[in-house]
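Think of it as A, B, C, D, E and F in the order they're written, each chain with its own count starting at 1.
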Amino acid sequence: MARPVLLFSGSWADLALEELAQQAGDWGYQGLELCCWGDHFEVQRALSEPDYCQQKLDLLSRHDLAVMVLSNHRVGQAVCDPIDRRHQALVPDYVWGDGSPAGVQQRAAEEMTATVQAAEKLGVGVVGGFGGSALWSYVVGYPGPTPQVVREGIEDFVHKYTPILDACRDHGVRFAFEVHPGQIAFDLYSTEMVLDALSGREEFGLLFDPSHLHWQGVDPVEFVRRFAERIYHVHVKDATLTLNGRSGLLGSYLPYGDPRRGWDFRAPGHGGIDWEAVIRTLNEIGYDGPLAVELKDPGMNREYGADEACKFVKRLDFEPARPGGGEAFRPS
Amino acid sequence: MARPVLLFSGSWADLALEELAQQAGDWGYQGLELCCWGDHFEVQRALSEPDYCQQKLDLLSRHDLAVMVLSNHRVGQAVCDPIDRRHQALVPDYVWGDGSPAGVQQRAAEEMTATVQAAEKLGVGVVGGFGGSALWSYVVGYPGPTPQVVREGIEDFVHKYTPILDACRDHGVRFAFEVHPGQIAFDLYSTEMVLDALSGREEFGLLFDPSHLHWQGVDPVEFVRRFAERIYHVHVKDATLTLNGRSGLLGSYLPYGDPRRGWDFRAPGHGGIDWEAVIRTLNEIGYDGPLAVELKDPGMNREYGADEACKFVKRLDFEPARPGGGEAFRPS
Amino acid sequence: MARPVLLFSGSWADLALEELAQQAGDWGYQGLELCCWGDHFEVQRALSEPDYCQQKLDLLSRHDLAVMVLSNHRVGQAVCDPIDRRHQALVPDYVWGDGSPAGVQQRAAEEMTATVQAAEKLGVGVVGGFGGSALWSYVVGYPGPTPQVVREGIEDFVHKYTPILDACRDHGVRFAFEVHPGQIAFDLYSTEMVLDALSGREEFGLLFDPSHLHWQGVDPVEFVRRFAERIYHVHVKDATLTLNGRSGLLGSYLPYGDPRRGWDFRAPGHGGIDWEAVIRTLNEIGYDGPLAVELKDPGMNREYGADEACKFVKRLDFEPARPGGGEAFRPS
Amino acid sequence: MARPVLLFSGSWADLALEELAQQAGDWGYQGLELCCWGDHFEVQRALSEPDYCQQKLDLLSRHDLAVMVLSNHRVGQAVCDPIDRRHQALVPDYVWGDGSPAGVQQRAAEEMTATVQAAEKLGVGVVGGFGGSALWSYVVGYPGPTPQVVREGIEDFVHKYTPILDACRDHGVRFAFEVHPGQIAFDLYSTEMVLDALSGREEFGLLFDPSHLHWQGVDPVEFVRRFAERIYHVHVKDATLTLNGRSGLLGSYLPYGDPRRGWDFRAPGHGGIDWEAVIRTLNEIGYDGPLAVELKDPGMNREYGADEACKFVKRLDFEPARPGGGEAFRPS
Amino acid sequence: MARPVLLFSGSWADLALEELAQQAGDWGYQGLELCCWGDHFEVQRALSEPDYCQQKLDLLSRHDLAVMVLSNHRVGQAVCDPIDRRHQALVPDYVWGDGSPAGVQQRAAEEMTATVQAAEKLGVGVVGGFGGSALWSYVVGYPGPTPQVVREGIEDFVHKYTPILDACRDHGVRFAFEVHPGQIAFDLYSTEMVLDALSGREEFGLLFDPSHLHWQGVDPVEFVRRFAERIYHVHVKDATLTLNGRSGLLGSYLPYGDPRRGWDFRAPGHGGIDWEAVIRTLNEIGYDGPLAVELKDPGMNREYGADEACKFVKRLDFEPARPGGGEAFRPS
Amino acid sequence: MARPVLLFSGSWADLALEELAQQAGDWGYQGLELCCWGDHFEVQRALSEPDYCQQKLDLLSRHDLAVMVLSNHRVGQAVCDPIDRRHQALVPDYVWGDGSPAGVQQRAAEEMTATVQAAEKLGVGVVGGFGGSALWSYVVGYPGPTPQVVREGIEDFVHKYTPILDACRDHGVRFAFEVHPGQIAFDLYSTEMVLDALSGREEFGLLFDPSHLHWQGVDPVEFVRRFAERIYHVHVKDATLTLNGRSGLLGSYLPYGDPRRGWDFRAPGHGGIDWEAVIRTLNEIGYDGPLAVELKDPGMNREYGADEACKFVKRLDFEPARPGGGEAFRPS
């Protein structure tokens, strides 16, 4: 379908953007999903320095790369999470500040609003990200939450993201929220609940990444069909089940790549996702936005993987039927 | 094998023990796993009233019921959990006190030690229970814990449970820890980590409940073989996967019994557990303790289920081979 | 749940009703789904002879059998089918008449209306049956029908059944239409189309028989959930796939029982239907009508099968949970 | 094996042959299966105009395309089908005539004989096609046909196709009948019945298209082995099951491409056919005729698909072992 | 179908026949498959002592047990096997003699002929047994046998069993050869080869034991259909696959019952055999001989198992349909 | 990972080495696993002729081919096997001699020692091969071996291979024993037994060929993990299960390529091996030796296959992750 193939820059934050852009261009990518950590994109500089955005765009265009999505998963996570020491590594120092939970959450929310403003300056229509969750620790543990507790947790998310979504409305930007474990919405029905709670406001849509659904047993095809009009961005990442009787789906605290885990991430096409069905369904709903390769495969050299993945996505992304095509054999 | 078939009393805490005992006897159970909530067993009264334990034993023996395990899952949960409002419903008022997290944890630990003492008074050799976990919210969410954080969480459990296990040693009681989501050990490899951290002290063993392993993809047979000498108690509870493309294993915040969930509990024999294989493996390792029916099936009348489950377990529990049996056809 | 267990009399039309009733009572059935062929029930006599219905009821009550459903599948089939020589064997002589297609269809429709009137006289609230279809030959063949042709076929059904449903309304009877290959509605989506075309009039509901869905690949559980409020009657019949590479689902013109077929009918519990899931879903939607055993197993003696099936259904039909049951372990 | 790769022209009847030939040559096809509808090939002109055939051959040879099969599925369908309004769109006006069923059937049979004569003029040894069926509406519906009815339907086919096969014999042409739903033979055992009824006359063989077998549950490998000496032509078309609990194999009257269907067609390699096994079995039986791509994929642009399919078939069609090859490691 | 349910006595050769008969009668068996080892049946005494056979029959009839099959697997094995030290434990001393291979084979063949004579004296029409194989070590190893070597091995079997089968013919007895690994015929195609080599002589038929086919991947149903007229006796024994990634089908030299094996035997109904399909197929071919329980389950007490298995077989063995039954719903 | 891709020369012993080398170079191979039969490599000439080895190396280097493994499967087989007529075709005349079993075994052992010496002269560090087995005929047959018999068979292997392994030690060569049916070690647990019996001496490791494990039900990934430090060489060969109810895993004496077999060999990527998982596991254990294509596919032209397989392996063999790669998205 010739959708643009992007590379998610966040997996390469240890590289300077210049270096990454050079390689991404060589591999054949047509653009980046630019992430707000490392030196790739700094929100406050973008707002305060007049040339910052243009310089980034110039740098990328030298390698024939466009920017179509600006993402800030790390800071978004701190907006609704109960803050603990793990979050210090996720956010800029000026967001962490003194580390008091309420303060961090408040500054993180302001930084997300700033990210929306920066996106407008950069000429990008979609901000991607996480949101954090007050409810995460209650999922599948003991004791489970009462319906009342669930309702309050979702309302907390609505309350904290409403100003950010208002900024989206005012700046002509859409927020693509990544459905993902650890977030307020992590599977099909929890996504329904959150969309209901937001009363369907149009600024809020979904970043669809099938890898996070696959290992939970959720069919990515059903997910896309259910939220057809809300798919605002797509990640191409794969996952595989490695259940052998001893491993389990909750992962035993083991890091990615440990062969004792019950599931793991894979480069696109190296896992269990039925990409043929995913592409057909994206065609079916008329999604024509970008496909962003998020490369995270603990068993593969990432340069090798990024090169191969770009070719994989281009080969995969066939053209959908035009109305009437292929029916010449049948009576009309 | 004629292992004793018990009924886990905790699912019937809304009934007075007298009433439950009557029914359990009628259904054919040979004893109870007696739980320390409702009026079934009150730890402080057991320690302070001279006749309390004997009266309980008398009540049960009138219905031909023995007590073989004393369980205190609810209070155990508060020992290591970060305390929040959900815990108030789990523990007695004198444990909750002012509700300050450190105080609740401290008093919960003392109550577990008291439970061990009460078990000795009751003449019971096994205390069953949960333990809580400082790490639960880090499982499968974002951001994941570093190995250092995992290590500290497990050490926290060891630190808090050491006095309780010391009491076990002093009072001739063993602690059967239930491997379960929400606990420090919830699958095979996390159980390995916890047993390693405890340096194999003999007071600490496992309450094996296959239902919690099944939906995670962990094979109960592999679990029993791996921890053969540490199976101190067994729950007979079933679970079923209800994945249909839209439902997911993390459950979408939905209560048990909601058909949109990706898995659910079932009465024994009504789910996906391979009980034939479980019994053969318990035979293989020589487990000769009780089998306790924990009845939790959101689609079945619990009286109907308890009656049927008792028959199911008795039919299931066939005798293992005696050495040399069945080999008369082969050359010796 | 103690739903009444009936025997579908139509599979025994070669026996006099007296003889069948004797046996059905002995096997433990609580009633019959009485069919309007053989001597079991004659519609015109029921309308013209004052004592006919009472004599049938008396006969059955001598064997402790109730009548809860009156069925007329054979005549119903001729209402919308293009009539050919096969239909002569299905309908009474006075319906066949001269065999001209339009005349047979017209007289069959009148007979169905008469069946509704007879049901009222008999004191039965549900009439079961087939409906025939002008579209059947277009399903999966070549050339396929255009959407216009499909629409007209469904409208033909609505047109021909409207007087019959009007009679239902006037006589306080509901029509339970059996979703089945050969009928206008034969799977989930075709049932949706027909219900839509009837604008949801309440006299029209479904006779749910999972055996006809199973071999088509339709999940009976999804079907029951989708049409929860429209399940007016249930058949307990099983089916099995016997695909071995050479056999096929369209059956190769082979009669039931031929081992070369790709699927076949089975006595309840001897096929591939997940009855546990079916019963749980009937419980979930609150269906409290009868369960009628339709015995059709080409490999089993039918007396043996009827006896066993009655016990099977009684054992299967467990009581659903009462609100609040089984939750005593969880915080409230 | 370097079998010739053809494109089935019938799916492109909306294009002029000149235009199709240009594209087919560019994509790499080595010939066409030429269909007798659209302007691709007109049977009566071929018989009446002296240069017609040569001009077609010249046109195709300009694009390096050969003609190896001449197909007339649409007219063949009308030979045995009960004629209804759908057939008017399938046949030329002079075959339809006044539309009286017997007349249409008769003229369709004569046109098939003419097609055989035209094939000889064109220098082509195989005519492909459908045949229609008097029995189709009796497959899987209600009431089923008696064995007598089946026998008569098959004899009707034999009776009507005998003159056409006689023409084949006289003109040195073989008829490749496509086994397909809607035809007298649609799976393995019905094909056996038809071949038996024809007493094995050599002019009659099979057009093997695995897509029509796959969704019925028939294994294409078993089919090829069973009729090894009767495979006269091969279509390369794929199909996929899309069963999700709600969809069914009988398709709910839904058009191809509708995501609610239980199966659908796919471009080669994009469905569930095990092409590796198909090619190995064609090698095993020594089939050395052409492989014709019939492109029908409701989710793929047909130009994209035709281009890709040609490459797919060439890559797939590996060389079989030569006798003795690969055994040098083993003792002789 | 009320086929007689027998107990294979060979698995109880450590018990005196008197003791076994007492138990078998209590468990509900209707007869024994009497084995020629232990004290159950001694061939030479049966031939030389006038009352021997009658005394055995009297003993058994005191417990309401019939004898329907006489089996001598152990001696039969030595007829064609390359003799090694393992065989000494299988045969009586007078067959072993000096242990020279040719002598042992010769005396074993004579003992099998004597077994046939003894069967006639006992009034039993079927002798069951093994045959040994000169080819066994060539199956799946390296280097494989040439077709010439295979042919010679099968001819060796024919040559050595011809005198035994001649005796069968002369004494009115049939030989039921058990298809089993280690024998000349061990799966479907090797059984075809052996039957072909014997030119279909009627004295030679098969002892069908599905457990030996199941773990090899051979479907017992296909086997019964293929050799319908040659099933002379049936063993009811089960087997289970225990593949977990590490275990393998060749068993790693591990004894039965070792959990590291890739398959193992099971009591009937406790393994992977589809008994429903087996019984339906025995019904289909009209087998009306006995069903003999061979109890070999390394994880189950054999007394428990024998008791349960007798009930299992009786419940399983339902009556097949009578012609015409169950079709009353369909037009005739 | 850029491991060298070799071609196993033994499957091409009918070609002169010169001819094979030419082709192997053209296909893109980087070396050969050179086999000691045909004219590829003659052990006695290598030891007796001063220039023999250098000439072989020169010949190969003209085609840019290296030698990394020297293999002598055929002679190795005769060391422990009970010798029969099949072995004459496997070994040189001077090893066969008079064919007396003990003499053949003795001379085969000496030839294996000579092969080790020749490897040193050739500059090759790994000798590959089979070993034969005194126990093979006891695997899965009847009567099974006693544990004592198994123990003695394994000790026989240790005894006969000890001098050969001593030569390895003295000449700086490692022996890669191919785990394979027909050998003393053929699956995971039998390999454990043999390694234990050899007390872990370092000269003895494994030639891992997943095709021989796959059809036995052993997971190649588990095998590699279990013996991570003992994988001395790898064969890339595929296998497929072709079970259809009639075929079986023991193969019915049928030759490779016969469609009635239950499994068969396949060119790499054309069978059932999960190569993605195999490569990831070889990466995981740090195996950096060669990957040798052993081409044996009874349905594919071997030249076609060798060409395709070289490309397949190069594409498959992706680079593993470098420490730290791909983690830039996560907090450090």
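Observations on the structure shown:
The rule is simple: a contact is a pair of C-beta atoms (placed from the backbone, for glycine too) under 8 Å apart; a residue touches a chain by one contact, two chains touch by 3 or more.
Please read all numbers here as calculations on a predicted model, not as lab measurements.
Ranking all chains by how far their C-alpha centres lie from the centre of subunit D, first place goes to B.
At the subunit A-subunit D interface, residue numbers used by both copies make up under half of all numbers present, so the two copies contact each other through mostly different positions.
When subunit A is fitted to subunit F on its Cα atoms, the angle of the rotation, on a 0 to 180 scale and to the nearest 5, is 120 degrees.
Rounded to whole angstrom, the centroid-to-centroid distance between subunit A and subunit B, based on C-alpha atoms, equals 39 Å.
Inter-chain spacing, taken between the CA centroids of subunit D and subunit F, is 47 Å. The set of subunit E residues that touch two or more partner chains comprises 86, 89-90, 143-144, 146, 219, 222, 244-245, 331.
Listed in rising order, the residues of subunit F touching subunit D in the complex are 10-14, 35, 38, 73-74, 86, 89-90, 244, 257, 259, 270, 294-305, 308. Against subunit A, the residues of subunit F that register as touching in their complex are 219, 222, 225, 276, 280-281, 283-284, 318-322, 324-326, 328-329, 331-332. By the touch criterion given at the top, residues 77, 82, 86-87, 89-90, 130, 135-147, 149-150, 180-183, 186-190, 193, 213, 216-219, 221-223, 226, 241, 243, 245-255, 260, 262 of subunit C touch subunit D in their complex.
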